[in-house]
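Next come two complexes built around chain A: one with chain B, the other with chain C.
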Partner chain A sequence: MARAAHPETMGPRRPGPTRTAPPMMPPKFPMAGRYRSYTLFGACSPAFVISSLILLRITWALGDGEAAWSEVLRDLRHPLSLLYHGVALVAFLYTGWRFFIKLFGKSQPPRIGPFRPPPAAAFPPMLIAAWVVASAAVTAVAWGLVL
Partner chain B sequence: MKGLILRLEPVIWFFFGSGFLIGCLLFPATIFALGIAAPLGWVPAEALAYDRVAGLAASLPGRVVLLAMLVFPLWNGLNHLRHFAIDLGGVKRDLWIAPLCYGAALVLSLGALFAVVRL
Partner chain C sequence: MGSNGKKTIVVTRFDPDRDEVPRTQSYEVPVQSDWQVLDALNFIKDEIDPSLSYRWSCRMAVCGSCGMMVNGEAKLSCKDPLSKYGDTVEVTPLANFPVIRDLVVETEGFLERVQRVKPWIIRAKEKAVEEGPVRQSPRELADFSQFSMCINCMLCYSACPVVGNEPHFLGPAAIALGHRYNLDSRDEGADERYQIFREEGGVYACTYANECSEVCPKNVDPAAAVNQAKVGAVLDWAKGLILPRGGEG
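Up next is the complex of A and B:
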């Protein structure tokens, strides 16, 4: 059901000579129709913040020494940590799918410096290939197969 | 504050876009390896040895990748969170959400830089 949006949304800097209807939130916002994927996309943003903070803690522990590193590995075994990382993995995969497949091609400017960007349809396969290569590289390093 | 944020929008959006790219490319495998596979014992113990991991992280490419993985997704997440909060609760709350998000991003980025330098 439609509800009132904030009255200052899209409002002019000074009141105009005529009165306009107050802005309304779209009736399907936030979880119906096309707004669902938009809202889910936004709801994935805490995963970026929390995962960066966890990586910051891991980096900090590496600087502190072996005892701190062992403590981090022990904390990562906590069931809540495992649950969080399962949810975060889904959030990152959903964000990646939406960003790489749906948004990246559409968000390119008409020109990048002197060059025209490739057609929008060329981006998803390129980005998926980059994701596969990057994921394989991270996995190989993590498992000690390389480096 | 609103004027300053508007002037910084191009920089913030550069960090936002880069955060999507770096986060979506590198975080799924990192989360799987460090957050799921390592705790479940699927990663060999010698691969997680402190000397090996600290050596990798302290190398120049390791520091650059770590810093990028720390800073860009952080700005991305906090900028996205700001706009998500405006969508759900109205633009009026942006008076305190924007300074909070960008202040936190700035402080945490400096913390990340310090953490990477001291490796």
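Up next is the complex of A and C:
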């Protein structure tokens, strides 16, 4: 059974002479059919907020002395933290797949000034390649191989 | 074209003079194997219950009149084969629209939205007839031709979760239409439309569910248009900040 939509949805600015039945949301929204993927996409957003706060705390600790930095490292090794980062990784991968691989290419306008973007089909391999290179670079830095 | 047995068509009924809220009514219909959902509704109207109200016209997915929800999906009923459904098929009015009667929805709100995006060619100064036509290359035509295929069937509005929650949202078809004119090399009114796109309920209300493109029977891909329009609206805004006189003249 569909739930009611906003009562003013798609109504005219001035109501017509006939009484109308209120608009209903699409029956499959939010958890059935293709809406599930969209709802899941939205549900990943808390991972971005929490991870941003963690990143802020790490950055803060960097300028707060060795004791603060050691405390952050200890917190990051906590089993709950590891569990969260596992979940966050899945959320980031899913968000990245849905937005960048599925939707990003066709969102490019046919022209930006005098330039034309690459065809939509070229975006997934380009973005995956960029992601692999960026991940390898970050891993190399974190591992102490460079810098 | 043989008979395919019987199907139960469950139709939403609403008579504003009698019903407080919509109700459902079931009809047993002897269907043919090549029937579309619209054929079953026409059978009900002709043979069982002449009071059933719904819109249809061309029967060839061109006029955009016969949009409705079939088993929960927004469909053109003239282009939706009955054979792909089971023994029971549920037909309800388009979601996200007020219902006038049975399967007939209120379209005035949609038409108001379409007019808001100024869906016509705007020129700063019209050329005199003696100067000849405004020419357009096939490549320039290709930039927008996909977005000009819309038949205003409103299926995209019916599938969009933002339309149902945000009453001021311009919606997929109207934005795609405005974007189509922004991409037209003959048009000079993009600044005016981007202004409208940036208002409350404009392009930034879209959260990219992509359902509008999934249900579009003409492969217009309104989600692409809306998200391209987001980029265009930002670039237009930035141009206004950087260039003298906001980039005008």
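The rule is short, and it goes like this: the second predicted complex is superposed on the first by the 133 of 147 C-alpha atoms of A that agree within 3 Å, B and C clash if a C-alpha of one lies under 4 Å from a C-alpha of the other, contacts with A are read in each partner's own complex, and residues count from 1 in each chain.
Throughout what follows, contacts are C-beta pairs under 8 Å (C-beta built on N, C-alpha and C of every residue); 3 or more make two chains touch, one makes a residue touch a chain.
Nothing here was measured: the structure is a model prediction, and the numbers come from that model.
With both structures placed on the common chain, the touch criterion links A:Leu53 to chain B but leaves chain C unconnected. In the superposition on chain A, A:Pro27 makes contact with chain C only, while chain B stays out of contact range.
Considering which of chain B and chain C touches more of chain A, the answer is B.
Of the two partner chains placed around the shared chain by superposition, chain B and chain C are both touched by A:Gly42. By the touch criterion defined above, A:Gln108 lies against chain C but remains apart from chain B after alignment on the C-alpha atoms of chain A. Looking at the shared chain after the overlay, A:Thr18 reaches chain C, while chain B stays out of its contact range. Residue contacts after overlaying the shared chain place A:Arg77 against chain B, while chain C stays out of touching range.
Contact with both chain B and chain C is seen for A:His6 once the two complexes are overlaid on the shared chain.
Once the two complexes are overlaid on the shared chain, A:Trp131 sits against chain B while remaining clear of chain C. Shared interface residues of chain A, touching chain B in one complex and chain C in the other, are 5-6, 8-9, 29-30, 42, 99, 107. Chain B meets chain A in the complex at residues 17, 19-21, 23-40, 43-44, 46-48, 50, 52-54, 56-58, 66, 69-70, 73-74, 76-78, 80-81, 83-84, 87-88, 90-92, 108, 111-112, 115-116, 118-119.
Contact residues of chain C toward chain A in the complex are 14, 16, 19, 21-22, 69, 72-74, 92, 95-101, 105-106, 108-110, 112, 143-144, 157-161, 163-167, 183, 207-211, 214, 221, 223-224, 227-228, 230-232, 235. Remark: chain A residues 5-6, 8-9, 29-30, 39, 42-43, 45-56, 58-60, 62-63, 65-66, 69-70, 73, 76-77, 81-82, 84-86, 88-89, 92-93, 95-96, 99-100, 107, 130-131, 134-136, 138-139, 141-144, 147 touch chain B in the complex. Chain A makes touch with chain C in their complex at residues 2, 5-6, 8-13, 16, 18-30, 32-35, 38, 42, 99, 102-103, 106-112.
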